[in-house]
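Paired with subunit B in one complex and with subunit C in the other, subunit A is shared by the two complexes that follow.
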Partner chain A sequence: MTTGDAIKNNFSKWWITIQISWVKHTAYRLNFFLQIIGPALVFFFVKYNLWSAIYGADDSLVIKGFNFEGMINYHIWAFVVGLVAQGHGSWNLAEDIRLGRISSYLIYPFNFWEFHTASWLSFQTIQMFIAAITLGVIAFFDLLQFPGWNFFLIGVAYTLFISLFWFALQYLTGVMAFWLEETWILRVMLSVVSYFLSGAIIPLDLYPDWLVNILNYTPFPYLVYYPIKIFSGETSSLGLGLIIISIWTVVIALINHLVWKKGIKLYTAAGM
Partner chain B sequence: MMEKVGHYWDVYKKFVSTSVSVETSFRTSFILLIFMDLFFFFSSVGSVSFIYDHVANIGPWQKDQLLFFLTFMLMIDNLHMMIFSQSFWEFSFNIKSGQLDYVILKPMNTIFSVFFRHFRASSLFNTPLFLGFLIHYGIKVNLSLFDWLMMPLFLILSLVLLILIEFILSTSMFWLTDGIGINFLRMQMQQLARWPNFIYQGFIRKVLTVLLPVLLIGSGPVHFLLDKNQWQLLATMVLVIFVLVIILNWIWKVGLRNYDSASS
Partner chain C sequence: MTTPLITAQGLTKQFVSYKKNPGVMGSFTSFFKRNPVIKDAVKDFSFSVAKGEIVGLLGPNGAGKTTLMKMFTGIIVPSDGELKILGSNPWERDKNFRKRIALVMGQKSQLWWDIPAMDSFLLLQKYYEVSDKNFEARIEKMSELLGVKDLLHIHVRKLSLGERMKMELMASLLHNPEVIFLDEPTIGLDLVAQENIRKFILEYHRENECCIIITSHYMQDVQALCDRLVLIFDGKKGYDGPLSRFEDILGNEKNVTFNFSSPQEPESEFWHSLNGEWSKNNTQVDLRIPEEKLRESSAHIITTFPVEDFATDKLPIERVMKELMNNPKLLREQQSSETL
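Up next is the complex of A and B:
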């Protein structure tokens, strides 16, 4: 087999896995809506109502540079960033390990990580589609301040890059199933901490200065707060964000590799 | 009657002891659960505190009043996590796998054997801390002796209302191939209830007070504790509890009749 044939063959495996994942993700549409889209929608709905109550009827109120419109815009972009970057849960990953289903990946000519990365890519396309529709609806009702296509496209690219970081992190929590009975706890912990520290609940401008100074040394602000800044037309943090997220993604990918190598030695193929 | 209560109490003690044995055999998960609850608690309280650094009021409430409401709701969350949460997830799995057969065949009330089966001891570790915060903010909003005496009753009433709504929602799993999404719906309802009723406006507030009465869970008792003239929501809450008990008994029977064991 030539190198070209090998690449073509491998590509077809990825493509078919992506297609199968599409079918899997959308097979139980109600569950998909309630698990993935519902929480993001409710989160946005609560924040919209909360800020409406805070600003009340006072059009002149400005909180740390945010008037009501600016605050709602911030949360619309937070909704989009959350949907595209953080949606994938890697639920199946831990289950595959715990229930002994990874035995097949050890035999098939398609690795465990390849299968789950292809699944993630498939999931991302669905999320992008949903985010596009959501943005279309919001734009149709003229609720969105749109600074320009260049910022939008940079924002989308950056958010997709963050989703790679999230995937690496979720993958790590998944492979921890070699040691842990329940990995969902780690996933929930990660999401609770990152929601709070990334500016997904309230803009980091409202946090105490000492806390923001500390957070700037962590990846958290670059996951939600700075992407929103980009979508809002401010790209000064782009370079630093890319560097920090790249470093963290590479480090986590290396840890994933090591954890997998160590974990597979413990694997007992439950149910075989 | 007392004999029956005693019997159920004995069974519940067994449920608790087996749950504790299972949970403590996975020590890392056990500890992580404690930290997960702590992160959630402090991030919720922190978010509200940071907002109040920049505004004097949210709706009619100042910082201490809203934090009292929030700690009240987080206390309900803690009790819910401890006593019921796990059973909802097991319920959806048991319906899907057909293992519910073994649960409903037991000579007990089926609602009891389904929803009281799993106890999460890790949440118990955080209870004193969460209670401490509730008492702290209770003192800050100047609760009277009467209020403190009523507090345990109100906590129980709020928990009862929350679980009744969730039990009723969960019966929809009988009609679904995979009911796990309903558990996410439950969690979103909890998120809606975690804020006082006045942040929602107009039609939405009416829906969330009457049709899907999640706003009564916290707003009913806390509004009354802060202002005795606001007893209407609390009275509605008690009434709604009675109505929901009747609805649950009916819909649960219909759901059970519809249950088609996956394993048989």
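Up next is the complex of A and C:
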């Protein structure tokens, strides 16, 4: 077999895994339908209502530079970034380990990480689709301030890059299942902390300066706050964000590799 | 004999678990100081299997059968000893090695629950790099043999246990493995389904000349499939030999069944000494009589009691197994007499 054939075979393994993953995600029609329209509904019922209540009938109210339209726009993009970057929960991963299903992957000539990364890629395409529908619905109600295609495409590319970071991080919480009975508390903590510190709940402009200064050294602001800036037509933070997120992603990927190696040794030694 | 496909030499697997005293205090103290308990799941296990053999691995629950299977397939690493399968160390989990073996677990589903079996098959086709032509031919052939042609496109979670097991078998044989491990493939199935699966395995084996290791608690499986039995008790190998000689473990005794026209008294001195197994209404008895006493005892019974008919039989392996499980010492006696 030539190297070309090997690459072709490997590619077709990834491709079929992505396809099967699509089939799995769409296996339940009602569930899938709700998954598609759910985000738009949540946006209108929760975020829109909340902020229109806060701003009240006062059109001229400005909070830290945000008028009502600006605030809604901030949350539209926060929502889109959340869908694309952070939608994947990696629940299956921890479950596969905890229930001993990884034995199957130890026997198949396709590795555990390959399977889950391909599943994630597949999931990402669905999330993009859902995000596009959600944006479409919001645009239909004329709430969206579109920054122009340039900024939009850069924003999408950057958000996809962040999703890689999130996948690496969630993979880490997943492989912790080698040691922990339950990993959901880890995920909940992670998402709550990042929700607050990344600007997903309120813009970082509303936080005290000293806190924002500290946060700028962590990956958090680059996960939601700065991507929203890009979608609002401001790319000055792009370079720094790319560097910081790249470093974190590489570090986490290395940790994943080590944790997996240690975990699989434990697993194959004990058989669980 | 050709070179063996599987050789195990002094294979040992130890598990460490931690003893915990009951209750909250126990949890608390064990949090700081753990008491390790080391248990030999498999100890000093040696054997070899040649191409084309079907070997039955028998033993009570917890004897170490599944641990052995996991070592054979590379899911767990042996603590000691040597193991070579198809020339590889299974626990190195080389991709080429993985392509040449298969494992079916009756207790655990390997198919994806939410999609039809056919989708899982397509996935496995790519993973195992099976050509389209071979894939189609194999699906066609196996689904025909198993009678599941109409079920290939139904979601796996909607299949019955028997149907699902057939799909599991198909999934694991798509890549034409050279060594197949079947861990209780008929567990929980009804008699017809069990027989279908057995027939399929035999047919498959006849055509592909593969090597099969099978564990089961159903003696019919063993009787129908295996030429050779390996017994494992407490992690150690007991009997290893042809099925036909299995009953010799208990000595050269014959199984004789008598039917009587009227109920007898099992508690009487005569019957008590023979220690038979009586039917509920005491009109039938199964006796084990040493070969040299067979004529004498039978003649006595026939002339003394109202015998309607009788039959002698080889000991069913089920009874041999039961006897051994109740009294594992018999096995050790047998072994020590063999080594003398």
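Here, the second predicted complex is superposed on the first by the 251 of 272 C-alpha atoms of A that agree within 3 Å, B and C clash if a C-alpha of one lies under 4 Å from a C-alpha of the other, contacts with A are read in each partner's own complex, and residues count from 1 in each chain.
FYI, a residue touches a chain if its C-beta (ideal position, glycine included) is under 8 Å from a C-beta of that chain, and two chains touch if they have at least 3 such contacts.
Bear in mind that the values here come from a model prediction, so they are computed numbers and not experimental data.
When the shared chain is aligned, subunit B comes close enough to touch A:Ile185, but subunit C does not. Judged by the touch definition given at the top, the superposed model places A:Tyr195 against subunit B, while subunit C stays out of reach.
Touch counts on subunit A: comparing subunit C and subunit B, the chain ahead is B.
Touch criterion met: A:Tyr207 reaches subunit B, while subunit C stays clear of it.
Applying the stated contact rule after C-alpha superposition, one finds that A:Pro39 touches subunit B and leaves subunit C untouched. 28 are the residues of subunit A that lie in the contact sets of both subunit B and subunit C, per the superposition on chain A.
Those residues of subunit A that touch subunit B in the complex are listed here as 28, 30-35, 38-39, 42-43, 45-46, 49-50, 52-54, 63-64, 179-182, 185-186, 188-189, 192-193, 195-196, 201-202, 206-208.
Residues 15-16, 67, 70, 73-77, 91, 93, 95-96, 98-99, 101-103, 108, 110, 112, 114-115, 119-120, 122-129, 155 of subunit C are the ones that touch subunit A when the two sit in their complex.
Within the complex formed with subunit C, the residues of subunit A that make contact are 9, 12-13, 15-17, 20, 23-24, 27-28, 100-101, 103-104, 106-110, 268-271.
Across the complex, subunit B meets subunit A through its residues 26, 28-29, 32-33, 35-36, 39-40, 43, 46-47, 50-51, 53-55, 58-59, 176-178, 180-182, 184-185, 187-188, 191-192, 195, 198-201, 204.
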